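Supplied in structure tokens, the structure appears directly below.
All chains are identified by letter, namely A, B and C, in their written order; residue positions are counted from 1 within each chain.
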Amino acid sequence: MRDSIFFQLILINFFSNFKKHLVTILFSTLLLFLLTATLFISDSIQFMLKSELNAQSDFVAKRVLGGDFVPMPKSYFEKIQNTIGISEANCRVIGRYFFDKSYWALIIGIDPLEPQSQKILEKILDKKSAKALLTQKVMLIGKGVQEYLQKHYFQNFYSFFTLKGKIIKVKVLKMLQGFGLNNIILMPKNLAREILGLLPNQCSDVAFNVPNKKEWNNITNKIEGYYFDIMLFNKDELLKAYSDVFNFKGGFFLSLYLSSFLAFILFLYTQYSFISSFEKRQIAIYRLLGWSIKRVLWLKLLEIVLIIFISFTLAFVLAYFFVFSLNAPILKLIFLGSDNLKIFSSFYPYIDFSTLFSIFLLFSLGFFTATILPLWRAAISEAKEVL
Amino acid sequence: MNKILLNQKVIIYLSIETLLLLLATIAFFIAFKIVKNWDINSFTPNQFTLERENYLFITLVQMLLFFSIFDTIYFIYVIDKLHLFIPGAMCAAGVINANSFGVPLLLLKLFFIFLLLLWQNINILDLREKTFPYTKIKASFFIIIFLALIAIIYFDINYFFHLKTNLPVSCCSTLYGQLEGQNPLPFNLDTKLLLILFYLLFIVVFGALIGEVAFLILLATPLFLYIAYYSVTYFFGTYIYELPTHKCPFCMFQKEYYYIGYLIWGSLFLGTFFALIWAIDALLFKIWQKKLKLIAQISLFLFVIICSSYVAFYYFKNGVFL
Amino acid sequence: MIDIQNLTKKVQPNQTILDNISFRVKKGELVIVKGVSGSGKTTLLSILATLDKPTSGKVLINNQAVHKLPDLHLSLFRAQHIGFVAQHFNLIEHLSVYDNLLIAKGALTNSIKEAKSDITKALKQANILHKKDAIVKNLSGGEKQRTAIARALVNCADILLFDEPTAALDSKNSQTFLELLQNLHKMQKTIIVATHDPIFDTLKAKTFIMQDGKLYE
């Protein structure tokens, strides 16, 4: 690179026409920045959803009555548990607790002695909290819950109302950290049953894993055959549904960007169609010295490559900083809508390089398409005209 | 509105295709002018303008070639990723077979690259000479290439517009699997014969390249490509997946297999394309290009080595064949 | 060797700038083309420099018919064989002397290492090495001319074309130029000078007279 005359001349020409290029770089960086930032957000969200789903159990079996989900008797759970091919089946106690009309949290009952089908719970349960959960009336709460408690002047405890009008005071043991745990309360299973109003021989639903993926179809058929009021949901279905939503949303934004991209191509075309006499004279001198049209055209195209690289690098760095350090103010609101904001407190720095590459491909192709005609017109400047 | 058309990757792909069409259209107009008005013996300003436009034409087609290669790779990547949205699809195989436009589209795209490579080869030969010997041929040839691109766009639109997210498709095991008593291999070959043919044809093509027997290359290379396709899909693939029942040309593009599909199919097509172009040069233009031959040899060799080593490694690791 | 046969250049069907010119220049020869302003000297030189094409006739340089070469080959030929010092020098003013020569080298090679020694050599030959890093804008007329000469020499061209070389120089600088010209002549370069300056009468050289697009010996 350092020994290349071509490279040297590209730099020289770049700085000779700096003013013209600067405008281009500003515009293209802005456009690319918005695009890359949006992609970072959507890729990051998809990644977080995916990894959260991966930490979930493979299947959840729910009982349906009157078109809604209802608690199921423990006998269902025992039958499922004893099916061959199933592991870590769990009679879950899980449900929403309404602190008031506008705020609820998800109570998850947990028994540290049982195997956990949700890997994320295994991670949370250290020895100390496991011991406390076994012996005391304690809970682990997410950040959102803690904020609610503080706002209502509860220090380290909360008094739950059961459905039977009883008041149960539960101590806060620990804060939960991590994505998706914002509005979650973990507490001993029996305590959860009492607060949520479940009978001792009832589960909210049954979660379980099927390690051999090839058996998924089989097991689904089998269990749905046991009871007619049971419905099975697997991880992949959830993943598909989530991906659908965000791809759709991303596609919508992309379409918007593409229209501005079209405007950008037109801008580039006019920008480079105007060839100053200064530039024309320079190229004529190149031609005078034995540079062929082809060689001049390539030199000019490589100048464009330099501009593309500069814009892309700038946009990439800016977008990375904007999304993962500043947490994408404004753009986040537009992209997610205020409803979903609560869930995504910060973005996990995950980058999908294939999307980045595809943007690069599209962008550089657009750049070349817009500039090739003007550049060629410049490259055929006649040397005899400057004599 | 078809949901697939709002997929980010599909939008980007179709935009790239549109831009390529735009580039090709400009090139087409110049090619048309050259075919109609090119007269090397004329000293008119018209001819001088045409000679200058010729360089724009060349650059446009070169760009088309460069971006078409990436575009085709990207296309395979997109259909591979789309399997998430098509019920029943496990990899690109189900997606590309989801309607009758997919397979012709992919084949056309590969053929398009071959045509462009051939064009670029003629271009190099043309620029070497001082009399523009092939400029008119080049321009006429491009008109055919342009028609091929129109066909690609036609299939593109039809393929993606008819890709349904609610219609279940078959996955690769049904598409490529052996139905009872049915032999998917051509000429009623069994696996043993297929492999013998595979290595035999490779030796013939490779030997013909070394011995520079153009005529033989022209005959044997397409046959090798054909047999290689079946060998990879029905034999070598099973070693890549380490599953005797998994027969699919597409799954190897996935991350689980370290994207090896891009290398395997890439080296096969590169090798056969360059061998063919070398032979066409030798027969038609009486020009023997060392570089082309070398690239063809290296790619084909690489292809066979990669395929064979999957089998060898499996044998070393497990002590048995599948 | 330059061999021109029946060269005619018309800009419009009725406006003839060069009218049926034929002549030969042998290798290493020094040729002066004299003529008043507007007689067609610059047009003739630009055709010899392969920058312009004739309307009819043949232009053979070093046995190569350059009037009908593709631009790719023509440009290569120009870079290898022809050094052209135009009337207004045609330097890129905001760049350094060195960079101007680098552009000329860039027509043939891509290696700076390779170019460097040639550039130094050419600058020495044209006696301008001390201004290597100066910006062209800040040079005097004489220095600019020597930069242009160095640039013409940098690719070891065997044919040097000068258009009105003394038009922008005072008499002292003109004299220096004549000495430089004779040095180049000694280096066996084929040299053609187009001028209307009588100072060249003192030189021992083959002389043509140009008048209304016609050439007389």
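Please note the rule applied: a residue touches a chain if its C-beta (ideal position, glycine included) is under 8 Å from a C-beta of that chain, and two chains touch if they have at least 3 such contacts.
In this text, all values refer to a predicted model and were calculated from it rather than measured experimentally.
The central chain of the assembly on a C-alpha centroid basis is B. Distances between chain centres, each the mean of the C-alpha atoms, put A farthest from subunit C.
Chain centres here are Cα averages; for subunit B and subunit C they lie 51 Å apart. If you average the Cα atoms of subunit A and of subunit C, the two centres end up 65 Å apart.
Subunit A and subunit B have Cα centroids lying 34 Å from one another.
Among the residues of subunit A, those in touch with two or more other chains are 293-294.
Of all residues in subunit B, those that touch two or more other chains are 52, 55. Counting partner chains per residue, subunit C shows two or more touched chains at residues 71-72. Of all residues in subunit A, those touching subunit B in their complex are 39, 42, 239-240, 243-244, 247-248, 250-252, 254-255, 258, 261, 293-294, 297-298, 301, 354-355, 358-359, 361-362, 365-366, 368-369, 372-373, 376, 379-380.
Residues of subunit C touching subunit A in their complex: 42, 45-46, 49, 51-52, 71-72, 74-80, 82, 84, 86-88, 90-92, 94-95, 99, 102-113, 115, 151, 155, 163.
Of all the residues in subunit A, the ones that touch subunit C in their complex are 2-6, 8-9, 12, 16, 282, 284-295, 382-384, 386-387.
Contact residues of subunit C toward subunit B in the complex are 53-56, 68-73. The touching residues of subunit B, when paired with subunit A in their complex, are 3, 6-13, 15-16, 19-20, 22-23, 26, 52, 55-56, 58-60, 63, 67, 70-71, 74, 77, 84-85.
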